[in-house]
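Should a chain be cited, it is by its letter among A, B, C and D, assigned in written order, with residues numbered from 1 in that chain.
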Amino acid sequence: MKKFFVLIILCSVFVIFTGVGPIMAQTKAPYKIGGIFPLTGYLSWLGEYKKKGSELKVELINKAGGINGRQLELVVYDDQSSPETGSRVAQRLVSKDGVIAMIGTASVPISGAVASIGNRYKIPTIIGSGYEVDPKKDHFVFNSAHKTDFAVERPFEYFKGKGITKVALLMPIGPLGELGGGLARKYAPKYGITIVGEERFDVKAPDITAQLAKLRTLGPQAVFSFCTGEPAALVARSMAQLGMNIPVLVSHGNANPGFLKLVSNVNIPILVPAGRAAAPESIPDNDPCKRVILDFNKAHQQKFGEPANYYSAEMVDAVDIIAAALKVVPTADGEKLQDAIEKTKGLVGMNGIYNFSTTDHHGTVLQDMMVLTVKDGKWQVLLK
Amino acid sequence: MTDFSHIVQFFFSGLTSGSMYALIAVSLVIVYKVSLLICFAQGEFFVIGALAMVTLVSKGLPMPLAFVLSILISTVLGALVQRMLIKPIQNAGIGNLIVMTIAISLTLRGAALLVWGKESHILKPFSSGAPIPVLGATLQPQVLWIISITIVVLIMIWIFFEKTKLGIAMRACAENRLGASLMGISTDKAALLAWAWGSGIGALAGMAVAPLLFMQYGSGVMPMVKGFIAVSIGGLSSIVGSVVAGLLLGTVEAYTIGLISSKFSDTIVFSLLMVVLIFKPSGLFGKG
Amino acid sequence: MKLLKQFWWILPLAFIAFYPVTLAGGSPYWSGLLIFVGIYVILTVGLDLLMGYTGQISVGHAAYFAIGAYASGILTAKYGFSPLGAMVIGMVLTGIVAWALGRPVLALKEYYLAMATLAFNEIVVTLIIGLEWLTGGASGLRDIPSFSIFGLVLSNHVHYYYFVWAIVIIVIACSLAVVRSPFGRTLVAIHSDEVAARAFGVDTAKYKTRIFVLASVFASMAGSLFTHYMGFLAPDDFGVLTSINILVMLFLGGIGTIFGPILGAFFMKLLPELTYQIHDYELLLSGLILIIVLVFMPKGLFGIFTAIWEKMFAKADK
Amino acid sequence: MTDKRDAILSVKNVTKTFEGIRALEDVSFDVKSGHIKALIGPNGAGKTTLLNAINGIMSPDSGHIHFLGHDVVGHSADRVAGLGLSRTFQLIRMFTINNATVLDNVLLGAHMQLKPTLFESIFSRGKVNKAERKACDRAMELLRFVGLEKAADAAPGSLPFGNQRLVELARSLMTNPKMLLLDEPASGLNDTEVESFTELLRSIREKGITILLVEHNMKLVMNIADDIVVLDFGKKLAEGTPQAICANPQVIEAYLGTTQTECRLEP
C-alpha cells in the first residue's frame, strides 16, 4: 500500500513537470533538413540559440514561399552534448527521417561524430563549430562558423598593433583548449608574439587562482584563455580579483548577450573575437551583410524578444547555404547537393560572404572576424 | 620560478576548494554513519540549495532569510527522499542502494533542469568588498565566508553529536542498533535525521561557493565526486578524517596544478587516491 | 506449449537474425540502433559477471571500454593495423591492465571499491585527454576505417549488424558457459560470503581477478566494435557517466541474470527514441523509471518477464 | 601425552588481542590423528577465535599452528583448506545469492577437486561436465549421508537451522578433508537429532577424519570426544580425557557448574 502511494506520487511528479509535446503535421512534401543541437548536457545553453536561429530562418524561408515551391522542414534532435548521441541522431536523421542535409551541433568532438556520419552516407552536413574541415577527407562536410584560426589570428593582429608581445595561455582542459593552445603557438611568431607560459584548468573547478598566480610571475601583457561561457567569465573575474589588470582574450563563442551578463561587474579589458552579427550597429552601411543581419534580428526580436547572436548566425547561414544550393540544383541527391554547395560563391550571410571551393569548406575569410570588447555592458569594436 | 607569494596563493586556492570538498564529505559521512549508505545524490542538494537561494534573492528576499529558507528547502527535500525512496528498499543490497541514490540524483537533476533551466545562475557574494592582499597573494572575501561557514558547521555538528541527547542517541545508533532503541531513538528516525542533516550541509556547501562558481542544474556532479574522494581518503565513518581529507584534497590539487602540471593534475590526484586505497584500504583515517 | 518452453531461445535468435530485413526494413538507422544496443549488451553482460555474480561493484567499467576503443582507433587510424588485429591487441592490452589492477583493487570492499574503480575511469579519461599526440585529445580521433575481416570490408550497416550480433551471441554463450559451470558457482560463493568461500579452498583474489579480466576483455571488444562503427572517437563517451549508464542498464534489466542485461541495454538505448520530442524531460523520466524499477521490481525487467513466463506455464501445466 | 608423530594439528602458544582485549592467551594443545577432540568453554572464551586462527581466517598475534607438519600461521584460509582442513561455522554461512540451492552449496565443497578455470568452462565443456556429474553424485551421496537428499534443490534458507548445519557438514565433507573443525554443529538440534548426529560424527571418525569440535551440548561431547580441552577467558584451563575434565574442580567452577548433570559418561 505504501509502495502504491509512492508510485502515485512519482507519476504525478512526472505529469506535473511534463507538458504535452507539440505535434507537428505537414501536408506538403518538403525538403527535409536535419538539425542536431546540444539541447541537454553541458553545452545545452548554446544549443538553444542555435535551434531558435535555424528554426526561425526556416520559418522565414517558408513564409516567403519556400524553395522551388517546396517548403523546408527542419527535423531537430538533441545530441545531449555527447558524440555518441550525436552520431546516433545523425544516423536517425539520415536513414529514418531521410533528410537531404544536416546542420548543427557545437563542440569539436560532436562535430567529428556527426561529420563522420555525413561522409559515410554522403549527406551534406554544415557544422557550426571549431571543427576544422579537411575537404579531402570531409568531402560532404562544411563549416559555416568562422575558422577557429581567425579567432586567434585577428586578436593577435590587434595585439601587434597595441605592442603586446608577451601572452600567457590559460587553456581549459578539453577540445577548445587544445585547439586554442595549438593555434596560439602556430600564429604567435607571425605576429611577433612570445608565449610566456601555458597552464590548463578544469572548467568545473571552483578556483583557478593557482594557475593565474603562476602565470602572473611570467609577466605577460595579456592572457589568452580560449574558453566559452562561464569558464571564460570565471577567468576574467579571477584575474580582476587578483588585480591582474591586463587584457584577457577569450573565445569567439562568447559573443552573445549571455556572456555580457556574466561579466557585467568585471573591470578588466575582455577581448572577444566575433563575427558581424554580434555587433551589427558597428558595421558600415555599405557592408552587404548589414541588411541581412538587421532583417533577421528584427524577426528574431519579434519572436524571441532578443536579437540573434553569433551562435544563431552560424546556423542561420547554414540553412541559407543549403537553401541557396537547393535553388541551383533542386535535388535530394547528396552528391549533387554537395557539388552545388561547393560551387557557392558570394553568398551574403550574417557571418560574412561565403565562397566555397573544393579546397575550402569554410567559406569565410579572416576579415569576417572582428575583435570586440565589453564596455558598460555592451559590445564595442576594437578591430574591424 | 615560483616565489613565496605563489605558494600562499596556491594555499588559498586549495583552501577554497578544500573547504567545499570537506563540507560535501561531512554531509556524506553523516548519512553513512547512521544508515551505512553513501548518497550519490548529495551533489544535487548542493545545486538545489544554491539555485534556490539564487531564486529567493532574485525575488527580493534579504540574503540571510534566503539563506535560511534554502537550507530549509533542501533539508525537507532530503528527509522526504529518505522517507519515500530509501526506506522502502533499505534492506536491499548495497548495489541496489547505490543505484537508487543514482536514480534519485537523475530525478532531482532532471527536476532542477525543468525548474531553473539550462543556463547558469550567479549569486552575488555574501559581502561586497575588495580582495584582501595577504603576503603578496590575494584572498577573496567570499573565501573567508566559506571557511567560516565550514567552521561553524563543524562546531554545530560537534555540539549536536557530542552534547545533545538526540545526537548522542544517533551516534549510538550508528554503532549499535539495539542500544540506540534503548536510548529512545529508532534507527528509522535516526536515518531520517541524518538525511536531513546531510542534505542541509550539502546545500550549505552549494550556497557558500555559489558566488565563486556559476551554478547550473548539472553542477553537482563534480563536487559529489570530489566529496566522495575525500571520504574515501578520510575513512567512511570519520567526520574529522573526511574534513582533513577534503582540505588535503583541495590543497594537493592546488599545489599539483601550481607546481607540477595543470594538464595532468586530475590524473595525478586520482592515481594518488588509488595508491591510498590500495595501501590503506579503509582510508587514511579509517579504522580496521 | 512444451515446445515453447524448450526452444524459447529460438524466438529472440530469430528476431535478431531477421530484424534487419523485416522490422528494420533495411533502414540503416534501425540496424544502427541495434548495433549500439549490441555493444552495450556486451558491456552490461560483462559488468553483470563482475557485479551480479561475483558481487564486486564497479563504477568504472567504461575505462576498459575506452582502452579497447582507443587501442583499435589508434592502431588502425594511425598505424595502419588491420581492425581485427587491433581488436585482439586491444583485448590483450585490456586484459593485462585488468589483471594488474585486479588483485590490489578487488581486495577493496563496497564503497572503497566503487571509488577505486571510479578513479581508474577518471585516470583513463584524463590520460586520453592529456596524451593528445597519441589519442587526438579532447577533440577526438578522426578517420577510423570501417571494420574489415581478411579483406572483406564491413562498411555496410547490415553486414556490421550481423558481425556485432554474432559477437554478442558469442559473449552471451561464453557468459552462460561460465555462470553455469563450477566456475560460476565459485563466483556466487564469493558474492555470498567471501570468508566462507575461502574456507573451502577458493583463492578469492584469483577468481575475482579472473572474472574481472574476462569482463574487461568483453568491454574492450565492445570498445573496438564501437570505434569502427562511429568512425570517430572522443573521450566524452567514456567518462564515469557512461559507466553509470551501464550500471543503470544492469539494474534495470535485472542483475544476476545473463538475459536481464540484454533487456536493460535494449530499454536504455531505445528510451531516447521515445523521448526525442521531450528531451528536456528525459533525465527526469529515466530517473523516475529507475526508481520505480528499484522499488517495485527489484529483479528488474527480467524479473517481470520470468514472472509472466512462469504464470503462463503454470496455467498451461494445469 | 603429546605424541608428536600422532598429532595432526598442534597449537602452540597462540595469542590474539582484539582492541586491547585478550581473546586468546598462550593457548597450546595437540589434536591426534583420527581423534575427536572437543573444545569447550563458556561463551566468549575464544573458541571461535581459535578456530578462525587455525583455518586462516585471521592470524594470531603470536604462536604457531602446525597442521600436518606445515606452519599455517599467515597462510590464507584457502591455502589451509588446500592442506585438507575444512570447517563449519557457528553462525551458519550458506551461499544464497542467485538462488543457490542446497546442492550448490555442497558442490562448492568440490571446488578444490574441480579447480574450475575460465578457459575450461568455456572451451572444454565436455570435460567440465563430466567432472561436474561426478561431483554431483558425490554431493548427493553426502546429502544422503546427513539425511537431506530430499532437500537438495531447496533454498538453504528455507531449512530449519539444524538442517542447515547438516548441509554445512556435508559441504565440509565434500572437500575430502583430513580434519574438520565443527563450530557448535549441534545447536538447534533436538534430543533425537543430537543422537543421530552423534552417530554421524562417529562414522566420520571411522572414515579417518580427525575432528575438532566446539560444542556446548555436554552430553554430545562426553559421549563422543576422545579428548577435551577447556578454554576460559582466552586461556587454556584444562586438557584431558572426558573423565578427567569432569572431575576437574576448576572446570566445574568455571564452566560445568550448572550443567554438571550432563557431565556423565554413558554406560
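Convention: a contact is a pair of C-beta atoms (placed from the backbone, for glycine too) under 8 Å apart; a residue touches a chain by one contact, two chains touch by 3 or more.
In this text the structure is predicted, and so the values were computed from the model without any measurement.
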{"item": "Centre-most chain, if every chain is reduced to its averaged C-alpha atoms", "value": "C"}
{"item": "Rounded Å distance, subunit A centre to subunit C centre (Cα mean)", "value": "35"}
{"item": "Subunit B-subunit C separation of Cα centroids, rounded to whole Å", "value": "32"}
{"item": "Subunit B and subunit D, separation of their C-alpha mean positions in angstrom", "value": "48"}
{"item": "Junction residues of subunit A - those touching two or more other chains", "value": "3, 6, 13, 17, 40, 173"}
{"item": "Residues of subunit C whose C-beta touches two or more other chains", "value": "126, 280-285, 288, 291, 295"}
{"item": "Per-residue overlap in subunit D, given as positions that touch at least 2 other chains", "value": "none"}
{"item": "Chain pairs in mutual contact under the definition given at the outset", "value": "A-B, A-C, B-C, C-D"}
{"item": "Residues of subunit A touching subunit C in the complex", "value": "3, 6-7, 10, 13-14, 17-18, 21-22, 39-40, 77-78, 80-85, 87-89, 91-92, 94-96, 108-110, 112-113, 115-117, 119-121, 137, 173-175, 177-179"}
{"item": "Of subunit C, residues touching subunit B in the complex", "value": "51, 57, 59, 104-105, 107-112, 114-116, 118-120, 122-123, 126-127, 130, 240-241, 244, 247-248, 251, 255, 280-288, 290-291, 294-295, 298"}
{"item": "Residues on subunit C engaged by subunit A in the complex (per definition of touch)", "value": "27-30, 32-33, 36, 126, 129, 132, 137-140, 142-143, 155, 230-232, 234-237, 272, 276-285, 288, 291-292, 295-296"}
{"item": "Residue numbers on subunit A that touch subunit B, as the complex places them", "value": "2-3, 6, 9, 13, 17, 40-42, 44-45, 48, 173, 199-202, 204-211, 213-214, 217-218, 229-230, 233-234, 241-243, 258, 262"}
{"item": "Partner subunit C, residues of subunit B touching it in the complex", "value": "38, 85, 88-89, 92, 94-96, 98-100, 102-111, 113-114, 221, 225, 228-229, 232, 236, 263-264, 266-267, 270-271, 273-274, 277-278, 281-283"}
